[in-house]
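In the part that follows, the structures are each spelled out as structure tokens.
Below are two complexes that have chain A in common, paired first with chain B and then with chain C.
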Partner chain A sequence: MTLLRQYILPRIVQWFVVIFVGISVTFLIPRLSPVNPVDQAMGRLTSFQTMDPEATLQMRETLLDLYGLDGSIIDQYLNFWGRLIQGDLGPSFQSFPTPVTEIIGAGIWWTIGLLGTAILISWVLGVVLGSLAGYFPQMWWSKFLERVVITVYPVPYYILAFVLLMLLTYYWPVFPLVGGSRGDPSFTWEFISSVLYFGFLPALSLVIGGTAFRFIMAKALASTEITSDYVQYAELAAVPKRKILFFYIIRNTMLPQVTDLALSLGTIFEGALITEVVFGYPGVGYTLYNAINSGDYNIIMGITLLSIVGIATASLLVDLIYPLLDPRVRLR
Partner chain B sequence: MGQPIIQTENLKAYYITQAYGVERTVQAVDDISISINAGEVYGIAGESGCGKSTLLKVLLGSYEPPLTVVDGSVTYHLDDQTIDAVNLTPEEKRSLRWKDISYIPQGSMHVLNPVRKIRDTFHDFISAHRNVTRKESMKMTSSYLRDLGLPDKVMGSYPHQLSGGMRQRVTIALATILWPKLIFADEPTTALDVIVQRGVIQMLKEVQQREGSTLILITHDIGVHANLADRIAVLYAGKLVEEAPTRTIINEPKHPYTKFLIESLPSLDGREERSSIPGRPPALDHPPSGCRFHERCPLAKDICLTIDPEMISVGPNHRTACHVVAEELSHEPAI
Partner chain C sequence: MYRKLVFLFVLALFAVPTFVSVAQEPQGLPVDVPREEMFVVDQIFRYGVAGNYNIWQTAGTTPHRHAMMDETLWYVDQETGERIYGAAISDPMYNDDFTQMTVELRDNLEWSDGVPFTAADVVYTVETLKATPELGQSGWHAQFNQFVDSVEATDDYTVVFNLLESNPRFHNIFETRWNGMYIMPKHVVENVEGDLGTWTNPDPVVLGAYLPTQYDPNGFWELYERRDNWETSVAGTVIGNPGPQYVLTIFYGDSSRKAIAMSRGELDVYFDADIEAFETTLDTTPTARSWYADFPWAYPNEVSTRQLAFNYETQPLFQDIKVRWALALALNIVELQTEYIGGVAKVTPLPVPATPSLTAIYLDPMQEWFENLEIDLGDGTMYKPYDSTVPDQIAAWAEEQGYTVPGEPAEVFGPGWWKFDPETAEILLTNAGFSRDGGGNWLTPDGEPFTIDLQSPPDENDAFRMANAAADMWSDFGIDVNLSGLERAVWEQNYFVGQVDVYTPWMNFALASGDSWPEVRGDHPKYYVPNGEDVRPAGGNAFFQGQRLQDPQIGEYIDAMAAVAPDDPANFETATEFFKYWTENMYAITAISFKKFVTWDERYWTGFPTAENPDLMPLYWFQGGKFAIQSLTPVS
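Let's turn to the complex of A and B:
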């Protein structure tokens, strides 16, 4: 009970506050900007065709309403929340009048699938391999792994992605160049296997970079752990190495590792811009890229809101998981 | 007193480090020969930094570079077997540890895995040496803890939920749950307050007496030795300077350093002034020539500056290394 009142409740309140403030700031920023999105849109529309003044004025009205830019700023703000709560983020301008939620909704599952899988795989691989390398620093495979990682890690991601793309779609074309799947979404092996097939290369590029980072972190944490009294004592008592690795070393590095995992999962909603653009993957990163290019404010806004909620939720989850990971947190 | 269970001969163990091409040798254990009998409590005393823990690590066969055995031997005599403890293979270590030889480390406050419940740690340590199910190891643990007077609820606790004294007792229980014949304890009572200390001493006594194990007890606290030890060895700057039964060491110390140690004990009524030893112990990378104690010794003579005194017998089970004592002895009329 005290755990609920003193630990969980304040964090849930904090979650609400963070989201509220984040969304309010997101609301304010475009309104403080000297560039008026309505003028921009009008400019784009009128540059292709001439309109009579009546129609222009009406157009302007409609746009103001769609952007939620009519009325005083207080009215706008209240309106904004009112629509948001109903899940209405307005229409996209690029593909008018498709609602923003629909466009983001179409991309989000691709992104969650791709990034979620890649982040989880590289986390597990990195933690296990890095901890092994930290526990057995003298072994040849440990030195070999470290050398590979140190070579891969500094390579900028976009170069890595392009090299993979060139190698595996052009010189040795085993993977498709663009797209997310073949056929309509359905629960058939054909569709699912095509998702895996199309997702493999972008996922691989993310896993390589992610594992390298995680490996370095895990190895550093494990090298500190092995000097701890409890690891040395268990070693002296000839407790099996496997048990020491998992329950003494890795288990004690879970606090920072899980925190970091949750925070990277929280950033999923921003999409993986470079990955999705390079591999032509139909996720929110790609959507965001197009929206920025075409000044589609509502979409940019929608994705921003989503990542605010994502990151806030991730840190809430971290806080809630803490007591499970480290018994010492429970008492505080 | 039984047969010897562990012996060293002219044991020299140095920390040899190399930093920026400069070799540094710390002579932490220098030329020590001792023989400890099965069933006895053997105390090792001496100031901080004199090499107590180093000697223990070598006796235990648990050391790695920079600590190196440069000369001499350590031998175990277990079940009619003679084992060279300087060159143990990992398999030998695994089969000896906990079943035959166990260790309660210095500063054992942090030897319990902070994210593991006490009962799981016990299971890890027991199942590493015995083919037991979890249920069996739990039963062993709870009955052993109960025998030692520890409350049942510690089984389900995490280390941070226990007091320092309780953690120390749990560690002693963890080290001795498989009834080892030879138990090493490094400063088991240091950093505990006096009342808790008494409990821990009592517990060590019980553990040792139950199966007549051999206990090698390291502490700078002569009071604890007086309580527990059958014999005491006094180390100074990596050297053994005196060894005798506890009573003899306390009542008739021979070596000037031992005399200081005994005099610095608080007396029972607490009225006497405590005298501390003048000066500081020497650094062991360049130990003083001759007798290592000569810089602080009030009796030092010329010979002490150049010649390392030899160990001589000065009574039953009593030996010491001091030129002045040797001289006095030779002047005494032969009986």
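Let's turn to the complex of A and C:
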């Protein structure tokens, strides 16, 4: 009961507060921006053609009415919460009247699939290889891996992505230039293999960058850990090296690594704009970018809502999982 | 053990891509359609709405779709300036006071489901759009309510519009530059249950030659298949050629990705690229070409032009005509066109592009006037600013580069432009009260440094290069120019509210037919909005009104054109007088016509319009682009 009152409950309350404040701020910020969705829509609708100015004015009034932007900001805020509680994020303005949920739904699974997989792979690779390299610093492969990582890590992601794109779509054109799959979605090998095929290159770019960062972090943590008394005692006691690595070193370096993993997974919902643009891959990053440019408040709200909930929930889970991973947290 | 692990890891890094690439055909197109039956076109942006073919909705996505699926009454080809009959079979017919328009329709058209097209479809479309505010595409709802009293079918193939007021240009709603009112299949739409504003038209019945069959939910691509009865479509009737069985529109993104896609045989035509990517295409795709087979390659006749536009309120010094002319004469158009644009666009002294038809209507007849034009330098001295040798100078540059000029210089590079004459520009500024400081930099009459805040969006390639040229040349002349390359939305917002001195819009003062009024009506001073307020809510042309220009004389010219029929000689005479007035005052500096590296690969398809075969415009993303696609034949 004490655990619930003193540890779990405050964190859940904090979770609610973070989400409420985050959503309210996100509601306000686009409305303070000079980019107005009605005028943006007017710009799109009239950019290719000449239209009678009187008709333009009448169309503007119609759009204000259709978009539900003719009330005060307080009215809009209350309406927004009323809709949100019912799970309705409203229509997209730039793709009116398509519901925001439909537009986000079209991209979110690609984002989750790509980023979730890439983060998990790079996390496992980074932690295991980094810890191995930290535990066996004198081995040739350890030095080799470290040199490779130190070379790759400082390269800006967009350069790395563009180099991969050029290498594997132009000079050795084995991967596609655009899209997430071929054909209609189905549980067939043909479709699943096309998802792997289309997603391999963007995933590789993310895995390389993510692994390098986590390798450096894991190696540094492991290098510190191998000098601790209990590791040295275990070695003197002839405990198998595999056991020392996984149960003494990696477990003790796990707290910051788990935090990194959880927060990284929480940010998935923001999408990966550069990856999507460079590799022509579907996802919500590009949708969010377009929404910001066109003042599509509802899309911005929808994606940011997912992101806020994702990060807040990841933080909450990390807080709740810590005592299970580390007995020292439990004691405190 | 660990060595084995490392070895396996490295092995996996190489093996997996090999495995997946072997598991798949090395072909990155997202549809399984025989390549030789499919024409793959560059989709000009990623669609926000996928799978929604209710193109009449306010946010209905138009590019490509309207060329493939939809019909209107008339098309005006931007290359030839000629009218092509769409669903109509003759010109619009007005009564004497332009309060009634009669249209005769083709009697041999069918919808894709085999139902005959009749006047009832046109009447139903107009009445439905008029009654449904949610169907806001292209402002047709608002315009029908503004102009149409009633519409009726007098027989199966004749429609009569009774108008609320005299309107000699009512037919513009049904005639393309970009598009014309998309005709609805009455027998389908009248049976839709529920709200037409949210209907997604999931199984389209089309009057165009192609039906959408597959799409990417994320808006990257759409696949169209030619309808079985294509001979009864407008494009099928006009061209008489089946065209490709399939058309795939696909969004690749930036220029380099398009160049790669074309080199892989996964793109048959792209709509534009920067010159570097275009040159890469020529190097990597031997079967690729643009409008010209050789220099200057690009399609030069899209009907629009690019300006350096002044904001008269942010920088009140621009209100002095001497300052405006000084800035024009400080520009070296030959250097701008060659060193910055690559020699591939036409120069033009008017906001009217140097297309063959508009050159014949305006630019050629005005040549003598241009050459005799004199401006007052401010001290009573008169000066002739026009230089008709500009195209010859550009041609000389081209020959120095080893290029062959494919025709008369004036036909290829435009008619002429203003002299590059910094000495006269110096006189003009001096007579306007300016002076130079010890470092040679210009000071305003108040003794402050003369600074210009010049803004342009880098994604609008030619506009940004033009801005760079102007920044360099005006800086060399001693003006402190601050050039900002801004994200499109920020750039637009700044000129909408007047936070810029000079910006780079694209304006056009005449349709391909030569009619000016539809393009300039939003430039009327009655839509003026002062600096600090957004120009858009007033309803005028935002590009133009961003200048904050108030000149009642411009309004008088526009009103005079509105009162006469578009083909009335008086209309062209008034337009010409307006252009002279605009030019004398140098209200904005027009530099070049639009150009596009519309580039196609002849690996699979041939018959696209070219400079050697200029019967149609190659602008396939416009509604009238359907005729170019219908003209294609397979190479094999």
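FYI, the second predicted complex is superposed on the first by the 283 of 332 C-alpha atoms of A that agree within 3 Å, B and C clash if a C-alpha of one lies under 4 Å from a C-alpha of the other, contacts with A are read in each partner's own complex, and residues count from 1 in each chain.
Just so it is clear, contacts are C-beta pairs under 8 Å (C-beta built on N, C-alpha and C of every residue); 3 or more make two chains touch, one makes a residue touch a chain.
Just so you know, these numbers come straight off a predicted model, no measurement behind them.
With both structures placed on the common chain, the touch criterion links A:Asp70 to neither chain B nor chain C.
By the document's definition of touching, of the two partners only chain B reaches A:Ala237; chain C does not.
Between chain B and chain C, the partner in contact with more residues of chain A is C. By the touch criterion stated above, A:Asn252 is placed in contact with chain B alone, chain C being left untouched.
Of the two partner chains placed by the overlay, only chain C lies in contact with A:Val174; chain B stays clear of it. By the touch criterion stated above, A:Asp88 is placed in contact with neither chain B nor chain C. When the shared chain is aligned, no partner comes close enough to touch A:Asp260: not chain B, not chain C.
Comparing which residues of chain A touch chain B with which touch chain C, the overlap is empty.
Contact residues of chain C toward chain A in the complex are 2-3, 5-6, 9, 16-18, 20-21, 23-24, 26-32, 46, 48-50, 52, 57-59, 62, 133-134, 136-139, 141-143, 145-146, 172, 177-179, 197-198, 214, 216-221, 250-253, 257, 260-261, 263-264, 266, 487-489, 492-493, 496-497, 518-519, 521-522, 524, 527, 534, 536-540, 542. Of all residues in chain A, only 228-230, 232-234, 236-240, 243, 247-248, 251-252, 254, 325-328, 331 touch chain B in the complex they form. For chain A in complex with chain C, the residues that touch the partner chain are 34-36, 39-46, 48-60, 62-63, 65-66, 92-98, 103, 106-107, 110, 125, 129, 132, 136, 139, 141, 145, 165-166, 168-170, 173-184, 193-194, 196-198, 200, 204, 277, 280, 282-283, 286, 290, 293-294.
On the chain B side of its complex with chain A, the touching residues are 60, 62, 93-94, 97-98, 103, 105, 107-108, 110-116, 120, 124-125, 128-129, 158, 160-161.
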